[in-house]
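Letters are used for the chains, namely A, B, C and D, taken in the order the chains are written, and counting of residues starts over at 1 for each.
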Amino acid sequence: MDLTWSEEEDAFRGEARAWLEANVPDPPLPSGDTREGFAAHLEWERRLFAGGWAAVSWPQRYGGRDATLWEWLIFEEEYYRARAPQRVTQNGIFLLAPSVFEFGTPEQQDRILPRIAAAEDLWCQGWSEPGAGSDLAGITSRATRCEGGWRLDGQKLWTTRGAFCTHLFGLFRSDPAAERHRGLTYFLVPLDAEGVRVRGFGRLDGDEGFAEVFFDDVFVPDDAVLGDVDQGWSVAMATTGSERGLTLRSPGRFSAVVERLCRLYRASPAGAARRERVVQGWMDAEAYRLFTLQTVTSIVEGRPPGAESSLNKLWWSEMDVRLHETALDLLGDAAELDGEWMRGFEFALAGPIYAGTNEIQRNIAAERLLGLPRS
Amino acid sequence: MDLTWSEEEDAFRGEARAWLEANVPDPPLPSGDTREGFAAHLEWERRLFAGGWAAVSWPQRYGGRDATLWEWLIFEEEYYRARAPQRVTQNGIFLLAPSVFEFGTPEQQDRILPRIAAAEDLWCQGWSEPGAGSDLAGITSRATRCEGGWRLDGQKLWTTRGAFCTHLFGLFRSDPAAERHRGLTYFLVPLDAEGVRVRGFGRLDGDEGFAEVFFDDVFVPDDAVLGDVDQGWSVAMATTGSERGLTLRSPGRFSAVVERLCRLYRASPAGAARRERVVQGWMDAEAYRLFTLQTVTSIVEGRPPGAESSLNKLWWSEMDVRLHETALDLLGDAAELDGEWMRGFEFALAGPIYAGTNEIQRNIAAERLLGLPRS
Amino acid sequence: MRFALDDDALEVSAAVASFLTKECPPELVQAAFNAGGQGPADDLARSLGEMGVLGMLAPAGAGGAGLSMVAAAAVLAEAGRAAAPLPLTETIALAVPLLASAGDPTGILERVALDDERVAVAPCGVAPGASRAGWFLVGPDPVLYRRDEVTLERLDSVDRTRDLATVTPAGPGIVLEGRGPGMVERGAAAAAATLLGLGRGMLDQTVAYVKDRQQFGRPIGSFQAVKHRLADALLLLELAAPPVWAAAHALDTASPDLPRAASLAKAMASDAATATARAALQAHGAMGYTDQHPLHLWLKRTWCLAASHGTARWHRDRIAAALQL
Amino acid sequence: MRFALDDDALEVSAAVASFLTKECPPELVQAAFNAGGQGPADDLARSLGEMGVLGMLAPAGAGGAGLSMVAAAAVLAEAGRAAAPLPLTETIALAVPLLASAGDPTGILERVALDDERVAVAPCGVAPGASRAGWFLVGPDPVLYRRDEVTLERLDSVDRTRDLATVTPAGPGIVLEGRGPGMVERGAAAAAATLLGLGRGMLDQTVAYVKDRQQFGRPIGSFQAVKHRLADALLLLELAAPPVWAAAHALDTASPDLPRAASLAKAMASDAATATARAALQAHGAMGYTDQHPLHLWLKRTWCLAASHGTARWHRDRIAAALQL
């Protein structure tokens, strides 16, 4: 057991901190979930890429800097500490890229990954459908074989920032006879393809951060398939086990919130009775940081996480809501203002819903980690 | 709406308070769930009866004083306020008697009820079995017709104070072909009948408050059946809807705990951070008191409660645990001592389990009050 | 002893409920939201005035109906259930009775009761419904100002129907005399009633949704996790209701326990409604996490009212003081 | 950076776990409970001494194994999992290292490590395992007393294996010098490890029970309400574990963050274990609510250790101070 950083890691942190201090926009950018805000965020993404910070843990040839997982953690800590902008490229980096690394052909990797890192292609996910939310295996959008490729039909929903993106990755039912998780194929679709229609709509906070995407006889060539035909489920699930995927929701994100919460508490006149909840917030975030160090150690030593990632998701998503509830409580009657904490609260409320609702995560934890019978 | 007591009600309260002040034993009796304590409690029950306070809301001819439901509430408030002993006769009064009032023949009523009030017969319940806990309909103890009566066989479990009682009321399967709630009959059994064997055992707190009761070819006559043969389920359920039953768990019980909790808090040196939980305890108990006033109004006006009593049970049982947790928290390292609060905590922990676990109560609330589909 | 809503309260609240079901559908609330609390709800306000609802707490002589605060609480619960996009909590339970008990010094009460004139209320210097108001009641011991005696600074509430502004008086105003129970108690009891209704409205919508929404081949309302969470919301709401009626009754009877009763109601109703909001959003999933589905209107109103007229924590502190803790 | 148990910790804790599985079954714990912590566990204590477990934190020269506090925490977690009816938290993690770092002034360390002599520890004047002890370490800056230098007054703990007494010194005692990190931090980290193990033990038992117990024609562990509650217990325990190892490591490395780390571990582990106790009891139903089923032994030990060495709330206050809140 060793809880210290090496000299190289400290140097990496110093470099990241210096670059961020020099480059993070002040005042903060407008929300990246609005059209104008998205444009500003795109500029930021390109500046990140130019500085070599767009995807630090990727190989250099794809636009990364070959950083270790530890360095990635350090970078994230510094990123949130610096209050740098939200990453509007994150669906490409965290959801699509892990599958491309694992299942893409060399041609696909060379074609897709550098353009993700450079924020030239902007990817949105096309998983959920009106009838397939928690029950993702209920997907009915379909892919039909045709000369030289496939024709796509159907509808995707709750596509984050779909109205501002250039490409969509998603699952389509390629074998109409197969049920549930079988017979799905993972497709890569340019949103300017003929037959694609995108309609943006408001999230809870009113920003146009969602879209529904309609596919009407959309042609895509064979190389738009990622992984094997009818194996889309495993391809999509690569994000779960991968160290580049969503499992490691950065602890720095929450530590930064806790730091702001502590400042808010110290500045709050009638705060004493609320101290305990603030302390608990710090504790929850610190426990999560240590839990993540444990997970990264496991990954580095060759034991990728499995169903444990359900615990990870349950913890950070519910902690995030509690942290913001505590802040709103401290704000008293000012809590209702459409300000930073209320925005953060609304954003946090999505956590227990997306990427597998927390009900699903508890099922997974109970069945796969505790071995309890299915209902 | 009128939240004041009448002159008669105030007078009733005064009378009850005066009697209790003159009669409540000091120092308190030893636990009624031990053999010696039970004897002392029996004496107390007989003193209560002599004073006319054993079952205030019963008709005078059965040993009550024809008190209204409001007066019953007042009596309970005063009873707990005076820290009077636990009622070791309560299974007879609250579980058996409502069914006797509703389903008993006049002969049974005359024979059974006065002896309950006078604590001459001491009744324990025989519902649960090793395989029938939450799932009470899984009862397998059986009753077989014979000349002039029935023969009982089987085993009952978790029979509260079974080792100290004289009689048992319970459900036995009289129609072996019927399933679940059907084909059960409600029997009244003297525990000194031949073939009955009672083994007392310890509850969580170590007191011998539980028993298992074995029936080996036990003969009971026909008049040991309460209600109709094979209709035992409805007979037993009479306690749920009845105003004499368990639905109205006395608010006075919890208000008295809150009063002690407030005193403990005021005396506690490092209490300030814990104030909010104490206040919440008072709020929960006060809301429950008002909720009960609402329920009693409904009953008095001819609208007996149905599935709403699930909410009642959920609230008081979980509140009781929280009140005691708060007290133990205030006690700090003295919490582990086998004292009054720890005993109260252990007792409170039974609340969410017995009389239908809180999981069952939530099912009932969801299905019958909200109309959600069965799983 | 009788603890139940009396017939007048049941009748007037049933009438308001059936009116709102027809005249205040979610589409209207959304339209009012989009318009920042302006315009689309104007007819609604006028109709409520004509029905005598706005002035229900004014004496019969002064354009009112002379009803009890218990009846007003029952009405506000229905307004909450429908998420009526108007500052009814403040108009019905604060502006009208405060003006009435002060003898209506500027002679506007009848016009206020008919929605020909609006009075915004700012106990802590912040008023909902500010931009349409001709008069302002400011401060915990409220002083009445004309529109041209105050400066308004618009605030963006998460609920855009709130039409919120800080109110800074610049004139002398008129101190209201003989106003009876304080602003804090009236506001707490009224907001509690509205929150109770908001909670009930969210629970109703959610129950309907989870019965209908299918996942894994069955309605999600058949999953025990969903059922139990909604049962818990019901439990909190049903136990918050008696304190709401008791607080209103304490106002009607000028009970010495009023401060404690009002704080109990507001704290219980705030907590019950915000917990129900969480449960409702989670049960709706991504469907509820958009501004395309009406649920967000209820959520935001709930968050606002929970923060106004004293937060749950603020009221717990008040109860603690009353209990000498 | 490497945050995982090292091989020595894994090896020694695995050896202890397999020893306890064989030698410390629930029947033994119940027997020790019935005997008030006396007698039945004596062989267990002696064997743990012979295995080198009691003295694992003493230097190799002084009858110990010179292992790390991380390894001791891993061992205590296994002792907790088995509900071993001995004051191992205090013996292994307080008495032995405190005596060792003070240079063993009375020359008893080797005997203590072999269980030929027992030292009871009373940071706040109350010691578990009191009636069998020949020596007492009393106070937060502990002073060592012989049995005949103290007066004991027996206390009834809800966990009868605790053998609890207040310790009132009557002699001068021996002030321990150079004891390194304080009693509070050692006690908190060690108790946290034991609580983590208790929680894991209760969760294991409960999972086995709900898979087996049938109601309504199926195992109760297939009901979502039961599954989710146990998943929540697992979540709390799994997130409490890293703080436990980190606190032990902070002791090993004399980290400046030690006070904060120790308090984090104790508060998280106390809350996780008590929540697991609630969930375990509820899932066992009436079956768990008797002294016929071993669960009660774990519940009571959990309640006691959660209250000892600083409650969760006390440790949160300490963290608040460290964070300047």
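The rule is simple: a contact is a pair of C-beta atoms (placed from the backbone, for glycine too) under 8 Å apart; a residue touches a chain by one contact, two chains touch by 3 or more.
Note that the structure is a prediction, hence the values are computed from the model and not measured.
Placing every chain at the mean of its C-alpha atoms, the farthest one from subunit D is found to be C. Counted by C-beta pairs in contact, the busier of B-C and A-C is B-C. If you average the Cα atoms of subunit B and of subunit D, the two centres end up 38 Å apart.
Within subunit C, residues 223-226, 228, 313, 317 each touch two or more of the remaining chains. Among all residues of subunit A, those that touch two or more other chains are 273, 275-276, 359, 362, 375. Of all residues in subunit D, those touching subunit C in their complex are 223-225, 228.
Within the complex formed with subunit C, the subunit A residues making contact are 128, 131, 133-135, 138, 157-158, 201-204, 206, 210, 270, 273-274, 321, 328-329, 331-338, 342, 346, 349-350, 352-354, 357-359, 362, 375. By the touch criterion given at the top, residues 1-6, 68, 70, 203, 207, 210-211, 218-219, 221-224, 226-228, 230-232, 234-235, 238-243, 245-246, 249, 252-253, 255, 264, 267-268, 313, 316-317, 319-320, 323-325 of subunit C touch subunit B in their complex. Remark: subunit A residues 1-6, 9, 70, 262, 265-266, 275-276, 278-280, 282-284, 286-288, 290-291, 293-294, 296-298, 301, 308, 311, 314-315, 359, 362-363, 365-367, 369-375 touch subunit D in the complex.
Subunit A contributes residues 272-273, 275-276, 375 to its touches with subunit B in the complex.
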